[in-house]
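One structure is given below, encoded as structure tokens.
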């Protein structure tokens, strides 16, 4: 059996090897991330059936929990690491052809660090370790956002860095408080003793932790870095940031809220924050002209929806949130990836310059359409069962308030539909702008290395959309993993 | 007065954090902002250390004094702080390198003028 | 069965004869009011014979078909309208007893108001095919005029149908013969119907459809010869149908054909007297008139009817 | 397995047709026509074989079921027939158009989705197919480019609003009742609280109202129907909006059930009354807006709304006569309106894309078959006896009058007179009058256009003369919903007072026609003249420039057009403009200045702590 | 007036009908039209005799040219005449159509209308009083009775020469010939 620690160790190690390898022979470095992710994918797949029965607690220093740092490979962790590996692999394949300029070896190295950070975050059971992986993820994304070193990239990187640094400082303060209160950093241990401390004292670290992780999770007032960073990063990085990085942040928030604090009481607050995030995100996206910025705002909207679903704090709600995490990861990475080469070909991120792309790059445009439809939540794409589950969870309450909230959420969906349908029309049915050169019309499709991940993502979106039960089998246990505090404590610390 | 004495390190570290925050919020020069971030980091690190600090405690080494148990300073925060310092340093380093790049592009470090990405 | 066939042959014939007679009568009445002597009463027959024997100029199949369909539609409409008689047991002699209405059991008033469309729509098609813009203008006016008077007319019909609770004309007629005439039970409707009668008959002041001086007789501009002959007959039958409907709805039909026809003449004369002294209005005026007084009256009657039910 | 097979054939052929188009246009055309015909055949075969099939055993824990019953079959065969005729029509219409591959494929996909919608045995599959239908139709509308883009966007956004509302209703139902299978839901609804029933009616009603273009939710339709490619306009107007009607039938008669439906609301303010009056408004206002249009397809589009009004009026009135009339009228409107759209499409095709009513004329001589069938369809829309439009309208009127709702009947009847106006305007301005110079060279429509037009025309005539054929099916459907049985004969309705016998009317018309024709033959021979030989006060007619079309109903339009603004549309645009303003204000949050962003973070933290201090949120 | 004689009606219904149903197209070319209103209104009431004004030549069978004929109107007259269905009768009203009347030396007025269309009856006078119109109509009746009101037959027989006369004035008339010539040889002979 594969040890879950390898899920972290292999990419991390390979990430360190890449620069060395790059010194000798740069060319093969391009394939290393893909290889690492293949390993992660396979390992996660192997692990998944096992951890579904019982989470696997890995002791790293030979001490049983709560001492020392340990990993918990539960259904949620392995499931998310599977998702990370999957999206990471596809983006890595895409990057083989896409990333050609600049310090390529460093890109791949940082890319692996980013994935390591994300994987580590979802697998660790230690609060400080969570912070460390979080920082790995953040720092590598700061760097990757500025990869091209252009105006927009550096500017957004700087802003991202400022906000991220403040955020991680807040997390650290929160961890300090928690440690001061409990004297332990094992999440299970904290969770077990949570009732021994007065709520007022408990709230302060929670506020710091939520705010700190919230910066990466991009909930409403903390997400100002996101549209900048996502829109000016290289498209492959945008894909992974939107698909994975913010999900990792969300995971951290959810872990803190549900597993450590069991915070049902502030669920309504989370719900409201989710709805606000959703509305602000979708509205900001509504009249965007920059395609990647629009996609970034749309990510904010989707995050809002996920937070809304989390805020429902029911099994079905969390299941829906996880479903949305998967669906958004697939769809948004698909969108960024397919848009990547369109931008590359036209040299502009204006939506109007992408008009007529349906003719010039039919496969990419088709896949973009699939991704967009999935995000809007149209069947038979994965977005539909996801959104369906969330709304089902919200209406499960049979409470007029929740019905009204669902109405507001669906307003967001309509706005989202409005701008995505506009783009889809532009791609397929509008005449290309005057400046486009129709002479090369046939040779403009993205290269195979890009088409393979794009098509795979599209196929996945359709397949899961038609048979959502392949996913729901795993989402149920994963949701329980997140929600069922007692079981988590039991698994980690023993009876 | 004893309160002040007991909590002086907390007050100090939060003062550092707040000063850093003030800089980040008010100053518009990117380098100053990074300095602010660094100050916050320092403050936070100080806070972490002081969480585990016991007045007049011993070093967390298995010496004979320490084996007696009570007065040993908690080693975990110190380990954490080490990590945090490393992280902080790398963030600052990255920030400074980005600042250099920004200056190349914009010819200024004034964040009020580096506002091409908005809305 | 035999009675039925007799009825089917008889009622269009009655309609035809009365129609031609009405046309002649109308010319005489108007002439007399104008202090002229006027043509003989059989002048329409002379005209029809002359037209039938004149060379007919055709603009194509639809041009001819429009005429035929219009006439056919008018004839069919006649079959649905009781022309006097009471609802006595079937098999009795048609002129004395029994209702002279071959198709009284097929759809009732709703079919009639649809069949009354047949004629105008067919003429409109034929006239449209004539490629004469005057005809198109005339048809446009005809359509608008129809809309103008149909609004009050439909209100009238609906008031009557909901007053008597049936859509069958025969039923309405027999109910009137049992109790009071429609003109007494739904008086405002009767007034409204009389106000729009000139418009339905296409006579002054609402003869703007075929205004000869403005648009060269409108839809008929290109029709000559046998087509015009048939259209003259059609016009007569349409006039007869409208008046017969009025008589059936408001004046209790007729106990037998003779009384029925007498009532028809009476109503026709009244309408002609109004018509003879009035100038032609413009289509805007027609629309405005029809949608104010007649509509208001009919609406009032309908509200009364609905409330009193 | 039949419903599943049908869906597989439909969606499969949609894919294959696209691929075939990559190979060769001829292959694609053959495949598209064949598969659409096969679908008609399959559905035809399915008559009587009523069944239920589980096709996805586990979709989010729900069983997805397809079922075939008479109601579904009735709608399905209409859908399949209209789509296959439209596909045949496309053979010439889409020839050498660049989007042909996509057109065929998406048409089949829309057909599949529509069939899925009517076959759906549970509300979830209903919703899924409904959504697929919406977006594939959106793609197909937008595919016509140019102004179609805005139209498509409007359509899909309104559809999205509708389906979001439906989603709420659907899931409220699921969480309330725990089932989504239609019979079980229907059972469950009987015990539901009135508020819940109202929620279901409102949410689903919004969705169906938008799809079937009920006033005031109609605003997408005039744009979408007029800007889509003509063969697809025929599908849109002919059958796609009928899916909304199917939804209403399902909602009002199956899911909620008639008894419950009649009970919702109080006094005159019942759901049924409101819907009736909405239907009546839908009849009158759009009809007169249609009269004022000068674009052929736009006119037809508005007329579609008006005709839908009859169906909604009949459905929501809910007597067995009115129900039969409504469903029959759905069929009639499918035939007539798709024929008219195809005819206009043929004209558009033959004249090089002209569909401005002021720019055509006199085409009857060039395209006689098209004209004859368009005439038939126009008469069918009006409801002239002997076309299929007469019986349904008669049924609806009669029901309204006999049950004592003369004002509703008035609205319906006035709508009919409006229909005469716009039908005549359409026919006259395109086919009658003088042939303009530039259309001298127009040839008759190609065979592949004439065949579907002819078949539809035949259908209108047959169902007009022998209304018993569809009427029987319709009344059987009504009977399964617990409506009283009608005395349907082959020729109309049985022998009560005010019965209807089309045979009598038909015979009378035939005899009268023969008589009139004989009378005509009695007259002297004529001579034929051509269009220049037309009386113009002795002057020579300016050739081909003398066609009275512009402002055809000028006096009327001057009178009523101030009252007939599409206020709903204006309101939605106003709403959208305000929404855009708010959105633009909202995104000003992202100022671009890093200090602000840090301030957000700090104030978020402060707000959290403040909330806790003041309200003890945790 | 033999309108009431049933025997005549039975013998020759068509001629009788033609006589007593003269639907006239009054072509208001000149001052002569002034005399028409008295003719058709209450004072003289032409409708007594079945004479009625119609709006278009398609519906009528009597063509009255009332007054002088200028070149420009002649074209319209020819056009209108040709649009009238057979049988049709033409009556020239006043002296101007007969010989130019007071316009005898006008460069722009037709002197002999019957060079261009056949005329069945002439009503002389400048202008003829309504009584004269009735006398003219009575005369037309006798002509119809005798079968001599055959202008439309003459027109068809001699169409080529009429057409040539017309074309001498106007060049191209702007519409195709009413009666297509049977053979080129015949056309050449004419």
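Labels for the chains are A, B, C, D and E, by order of writing; each one numbers its residues from 1.
Going forward, contacts are C-beta pairs under 8 Å (C-beta built on N, C-alpha and C of every residue); 3 or more make two chains touch, one makes a residue touch a chain.
Being a predicted model, the structure only gives us computed values, none of them experimental.
Engineer: Check every other chain and keep only those touching both subunit A and subunit D; list them.
Structural biologist: B
Engineer: So which chain ends up closest to the centre of the protein, judged by Cα positions averaged per chain?
Structural biologist: Centroid comparison flags D as closest.
Engineer: With contacts counted as defined, which of the two, B-D or C-D, has more C-beta pairs across the interface?
Structural biologist: Pair with more contacting C-beta pairs, B-D versus C-D: C-D.
Engineer: Report back the single chain whose CA centre is most distant from the CA centre of subunit D.
Structural biologist: Measuring from the centre of subunit D, the most distant chain centre belongs to B.
Engineer: Greatest Cα-centroid separation from subunit A: which chain?
Structural biologist: Between subunit A and every other chain, the largest centroid distance is to E.
Engineer: Round to the nearest whole Å and give the separation of the Cα centres of subunit C and subunit D.
Structural biologist: The separation of the two C-alpha centroids amounts to 36 Å.
Engineer: As a quick test, compute the distance in whole Å between the mean CA positions of subunit D and subunit E.
Structural biologist: Taking the average C-alpha coordinate of subunit D and of subunit E, the gap between them is 58 Å.
Engineer: Averaging over Cα atoms per chain, report the distance between subunit A and subunit E in Å.
Structural biologist: 96
Engineer: Could you work out how far the Cα centre of subunit B sits from that of subunit E, in whole Å?
Structural biologist: Here subunit B and subunit E have centroids separated by 116 Å.
Engineer: For subunit E, what residues touch not just one other chain but two or more?
Structural biologist: Residue numbers touching two or more other chains: 56-58, 83.
Engineer: Touching at least two other chains at once: which residues of subunit C meet that condition?
Structural biologist: In subunit C, the residues touching two or more other chains are 51, 53-57, 134, 216, 221-222, 225.
Engineer: For subunit B, which residues are shared contacts with two or more other chains?
Structural biologist: Residue numbers touching two or more other chains: 21, 24, 33, 116-117, 119.
Engineer: On the basis of the stated criterion, which chains touch which? Give every pair.
Structural biologist: Every touching chain pair, ordered by label, is A-B, A-D, B-D, C-D, C-E, D-E.
Engineer: Using the touch rule from the top, collect the residues of subunit B that touch subunit A in their complex.
Structural biologist: Spelled out, the residues of subunit B in touch with subunit A are 17, 21, 24, 30, 33-34, 37, 40-41, 44-45, 47-48, 51-52, 74, 76-77, 80, 83-84, 87, 90-91, 94-95, 98-99, 101-102, 105-106, 114, 116-117, 119.
Engineer: Under the stated contact criterion, what part of subunit E meets subunit C in this complex?
Structural biologist: 3, 13-14, 16-18, 20-21, 23, 41-42, 45, 47-50, 53-61, 83, 85-87
Engineer: In the complex of these two chains, what residues of subunit D are touching subunit C?
Structural biologist: Counting only subunit D, the residues touching subunit C are 362, 364-365, 371, 375, 379, 382-385, 390, 394, 397-398, 401-402, 404, 406-407, 409-410, 413-414, 417-418, 420-421, 424, 427-428, 431-434, 492, 495, 497-501, 504-505, 508-509, 511-513, 515-517, 519-520, 522-529, 531, 533-537, 546-549, 552-556, 558-559.
Engineer: Which residues of subunit D touch subunit A once you look at their complex with the stated criterion?
Structural biologist: 56, 58-61, 127-128, 131-132, 134-135, 138-139, 142-143, 145, 148-149, 152-153, 156-157, 160-161, 164-165, 167-168, 171-172, 174-176, 199, 579-580, 582-584, 586-587, 589-590, 594, 596-598, 600-605, 608-609, 611-612, 616-618
Engineer: Subunit B touches which residues of subunit A in the complex?
Structural biologist: 128, 132, 135, 139, 142-143, 146, 149-152, 154-159, 161-162, 164-166, 168-169, 172-173, 175-177, 179-180, 183, 185, 227-228, 231-232, 284
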